[in-house]
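As written, the chain order gives the labels A, B and C, with residue 1 at the start of each chain.
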Amino acid sequence: MTATTTVAEGAPRREQGGGHHGGRPAPDPWRSRLCRWDLRYSPYAFVAPFFLFFTVFGLFPLLYTGWASLHRIELTSPGRTEWVGLHNYARLLGNEFFWNALRNTATIGVLSTVPQLLMALGLAHLLHYRLRAATFWRVALLTPYATSVAAATLVFVLLYGRDYGMVNWALRGVGIGPVDWQSGTWSSQIAVSSIVIWRWTGYNALIYLAAMRAVPDDLYEAAALDGASRARQFRHVTLPALRPTVLFTVVVSTIGATQLFGEPLLFGGAGGQKGGASRQFQTLGLYLYEQGWFNFHLGRACAVAWSMFLILLLIAAVNALLARRLRQDR
Amino acid sequence: MTATVPARRRPGLARAGRQLHAGPFAYAVLALFTAGSLFPLVWTAVAASRDDTRLARTPPPLWFGGNLPANLARAWGEAGMGLALANTVLVAGTIALGTVLFCTVAGFAFAKLRFRFRGALLLLTVGTMMVPPQLSVVPLFMVIARLGWTDHLQAVVLPTLVSAFGVFFMRQFLVEALPGELVEAARMDGASSWRLVWHVVFPVARPAMAVLGMLSFVQAWNDFFWPVVALTQENPTVQVALTGLGRGYVPDQAVIMAGALLGTLPLLLAFTFFGKQIVGGIMRGAVKG
Amino acid sequence: MTPGYRARPRRRAVFLAVAAVLVLGAALLGGCARGDGGRGRTTVTIGTFGVFGYQQAGLYREYERLHPDVAVKESVIERNDAYYPQLLTHLAAGSGLLDIQAVEVGDIHELATAQGGLFEDLSAAKGVHRRDWLPWKWEQATTRDGRTIGLGTDIGPIAMCYRKDLFRRAGLPTAREAVGRLWAGDWRKYLTTGLAYKKRAPAGTVFTDSAAGIYNASVHGYAERYYDRRSRPIWSNSPAVRASWELAVRAARDGLTARLKQFEKPWDQAYANGRFATVACPPWMLGYIKEKSGPAGKDKWDVAPAPRPANWGGSFITVPKAARHKAAAVDLAVWLTAPAQQARLFERQASIPSTPASYAMPEVRDAHNPYFGGAPTGAIFAAAARAVPTLVYGPKEQQIGGAFTDVGIPQVEQQGKPPGAGWRAAQQEIENAVDE
């Protein structure tokens, strides 16, 4: 049936060496049937626990949300549901707030992901040197990752205060006027991104570092013998070897950026779900939350959720396409 | 490694390999980033050691004041931190262990075994990673309510006991790290699938399992959105307890910061004491694509 | 031998891991059988947003003394915008509800109209006398078919808190009667005072905290604001909204405000720094001002009547039908909201009772606030409470109010947009929120 089966059944049995596992009886039909069953069904048993939990706590909510997105459901009167077809989706497409949230999600996503991964790459490069107290640097850079979104955002909100925050105090010291971090479009998006960057840069740096260390030394040696400079080595040896890792981090970061929620919510304080007075930092996650949990339009919130899901699938498809193209080019 | 370096290497030739010592510039940049990483945490402690009025003044406090014990005590009492910490250890520990076990076997099946619908099921798994977590809350809560689990810890544990990311992560790791020959050799020895998992997969997957366990633990520890809906202050996790903090008469910033510190401290301590192992785990278990 | 077949010690590690999962799981299930307060007592649970003060005023302890078979347990979520959605989720699922659930005034109408059937009718409960409550307070929690789902706790009649020291330095009167006369009867006079203050303002200070605060204080003095008495939407043209919007925008454009968002950290910090001279204050805000201004603010603050009577905020307590201990919960709810207990709560928490009988009780009548220069806060707020018109509430009250205070006004005040743009944004916001 499958390759593995063929191997197990068709391959001649090896002679047992020292009888380490006890003598094996001659192939008997019952045993071989057991063996076949094992081969055929074990994989399902392996994935079963995951899919069991996933079905109850993941798939059901997902499908229910899909169903709900085709209905008018209000959290204030959840007993009343009314079929509205694609109305919720049509309404989204014509809604300025939705597009605004989509735009913000994209810009904050770029603002947080690109510097984060670039800095991580640079840091990994530095960490790859022979360093004194190597472990200290690595652990120290990883600590922000241990901080919860809530705790981290709490601190950053204080630091970014307009009138009494430390950032503005420091900026005033170098002659830059106070920045209203929350009210400005760019300033607020930069502030929110900085929280994301702070939490994740060190973690990504370690992942890149691991990948760099897996690059065989002789590749560098060959390049060095060819007279390649350090920068050229980085471009022509390190980066290509890192490509799969970079791809992985890009995928994970993109998913994280699309779902960005806690940081802007808490950064906005009371009414944070709006993402500022002009929705200047409202992400899709916040828009969903606002629709569902503040305006109580559950059906519409579900439509936002499914739209996010579809957007991510689209990104994934494009990503896969690009990856394949890259592989072919190579 | 060093032994294999050919002797004829010209001295001083630029080599991006690890053997190169870091220069002062590298140290300076690392120091800068380290300071940036640590500063917000240190400042949380500074703020927690002051009082509310002092935090309102400019220039902001840059060094510790004397109120840390008092603020920590208030935060501990107001938020019911003792129960919250015990609950969180239980919740995060169970989730981490469950995730590691279930995701490793599932990841192994996806990586090395052939079965019908494998591709479709894997796609489904990866697809779930893209479902925004805010979305499932209402239906999920309906399930939990139907089971009569609101305000019980299993309401927080079970929905996150497996993760699509974990399966994907383990699969990616095992595809590379577990040589097909090893599996086939074990098969030819007549090992059943379960023995195979036990004796071949788990040993090979160990570094990745350690990383996944650490990631799941940290994530479960810091999870906030779902626990706030599913639990109440009566039986909270740390993050839930923190939402009730500063409810004293008027929210007191210094006490809130002390609470944030209390909630983060156990993980920070773990990172300090086991930093080497954690970092080592990430280095060995990181997904190579 | 096949490589990979060594691992005895690892086997033990994995075994330990599996065992740990099982043990933890068992502990988890075992830990779920929570008792009912222990010692055969009924534990009545009560959920509130922010501090209601029952605990602090010792009311639970006293109730437990009166009812030895009952234990009371309070669960607090700091902010209503986290509390209310959770309550709705629990109502929708019919599970997770506490025995008593507090509800904010802006939400009670919505619950009474859409989900009134999910709550106990408290009008018929033993010991409840409708005439104890201010009529408008009682109305707000009553469904169309005459069931009352919530008992009124506190209300929020508005006064004006001001800094005597700053007023003096700006050449304005400082005695509370004289200050009240500056703007009596008309919010526009309040702005005129603000302009006078601005001319001679002490360095680094402004007249008031936030334009949205002025809007709230003004708009809640009108009976019909967002809906008229026949529940028709009037948020785009009601005199209440128009006048209050004009006031707020003028205050912002004239630079009379500190451009702060109320109840946010910078607002707190501005108190400590003495940054503004006046703030419209419901009674529950006095404690906040005291705490945030710190010892340095003692005897600097005082309380004068607001330009026009208004009510901002206040709450109810309800008993959901899905509550575990309904009878005990109703009993406790009735006791907590009785005039005597409301009067005691005022003493501790400065929450003005919704039961006028309390106003004559010494706890309210004779109350003076030492921090606010010994101001007779009981008399001031009780007088304000009596003059408050019967406010008409409608669905999505919070969202509509928020469209003005969190969107329209801050756009003008903090982001410097023209008033027309702010107004349009607020209206668009409302349409988005109410459109079903």
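Please note the rule applied: contacts are C-beta pairs under 8 Å (C-beta built on N, C-alpha and C of every residue); 3 or more make two chains touch, one makes a residue touch a chain.
Composition by chain, UniProt nomenclature: A, B = Cellobiose transport system permease protein; C = Cellobiose transport system substrate-binding protein.
On a predicted model such as this, the values are computed, not experimentally measured, just so you know.
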Exercise. Determine which two chains are connected by the greatest number of contacting C-beta pairs.
Key: A-B
Quiz item: Which chain maximises the distance between its CA centroid and that of chain B?
Solution: C
Quiz prompt | Between chain B and chain A, distance of the C-alpha-averaged centres to the nearest whole Å | solution = 13
Self-check item: Chain centre separation in whole Å, for chain C relative to chain B (CA means)
Solution: 37
Self-check item: chain A and chain C, separation of their C-alpha mean positions in angstrom
Solution: 38
Quiz item: When you check chain C against every other chain, which residues touch at least two of them?
Solution: 89, 92, 265, 269-270, 273
Quiz item: Of all residues in chain B, which are in touch with two or more distinct other chains?
Solution: 55-57, 138, 142, 189, 253
Quiz item: Which chain A residues touch at least two other chains?
Solution: 75, 158, 164
Quiz item: Inside the complex, what are the residues of chain B that reach chain A?
Solution: 1, 4-6, 9, 13-22, 26-27, 29-30, 33-34, 36-38, 40-41, 43-44, 47, 55-60, 102-103, 105-106, 108-110, 113-115, 118, 121, 125-136, 138-140, 142-143, 158-159, 161-162, 164-165, 167, 172, 183-184, 187-190, 192-194, 197, 218, 221-222, 224-225, 239, 242, 253, 256-257, 260-261, 263-264, 267-268, 270-272, 275-276, 278-279, 282-284, 286-289
Quiz prompt | Residues of chain C that touch chain A when the two form their complex | solution = 1, 79, 81, 85, 88-89, 91-92, 110-111, 114-115, 261, 263-266, 269-270, 273, 275, 395-396, 399, 402, 406-407, 410-411, 414-415, 417, 425, 428, 432-433, 436
Quiz prompt | chain A residues touching chain B - in the complex, by the definition given at the top | solution = 2-5, 7-8, 11, 13-14, 21, 24, 35, 38-40, 42-47, 49-51, 53-54, 56-62, 64-65, 68, 75, 119, 122-123, 125-132, 135, 137-152, 154-156, 158-159, 164-166, 169, 198, 201-203, 206-207, 209-211, 213-214, 217, 220-221, 224, 228-230, 233-234, 237-238, 243-245, 247-248, 252, 255, 258-259, 261-262, 284-285, 288-289, 292, 298, 301-302, 305-306, 308-309, 312-313, 316
Self-check item: Sites on chain A touched by chain C in the complex
Solution: 17-18, 20, 72, 74-78, 95-97, 157-158, 161-164, 180, 183-184, 269-271, 273-274, 277-278, 293-297
Quiz prompt | Sites on chain B touched by chain C in the complex | solution = 52-53, 55-57, 90, 93-94, 97-98, 100-101, 137-138, 141-142, 144-145, 148-154, 157, 182, 185-186, 189, 198-200, 202-204, 206, 228-230, 232-235, 243-253
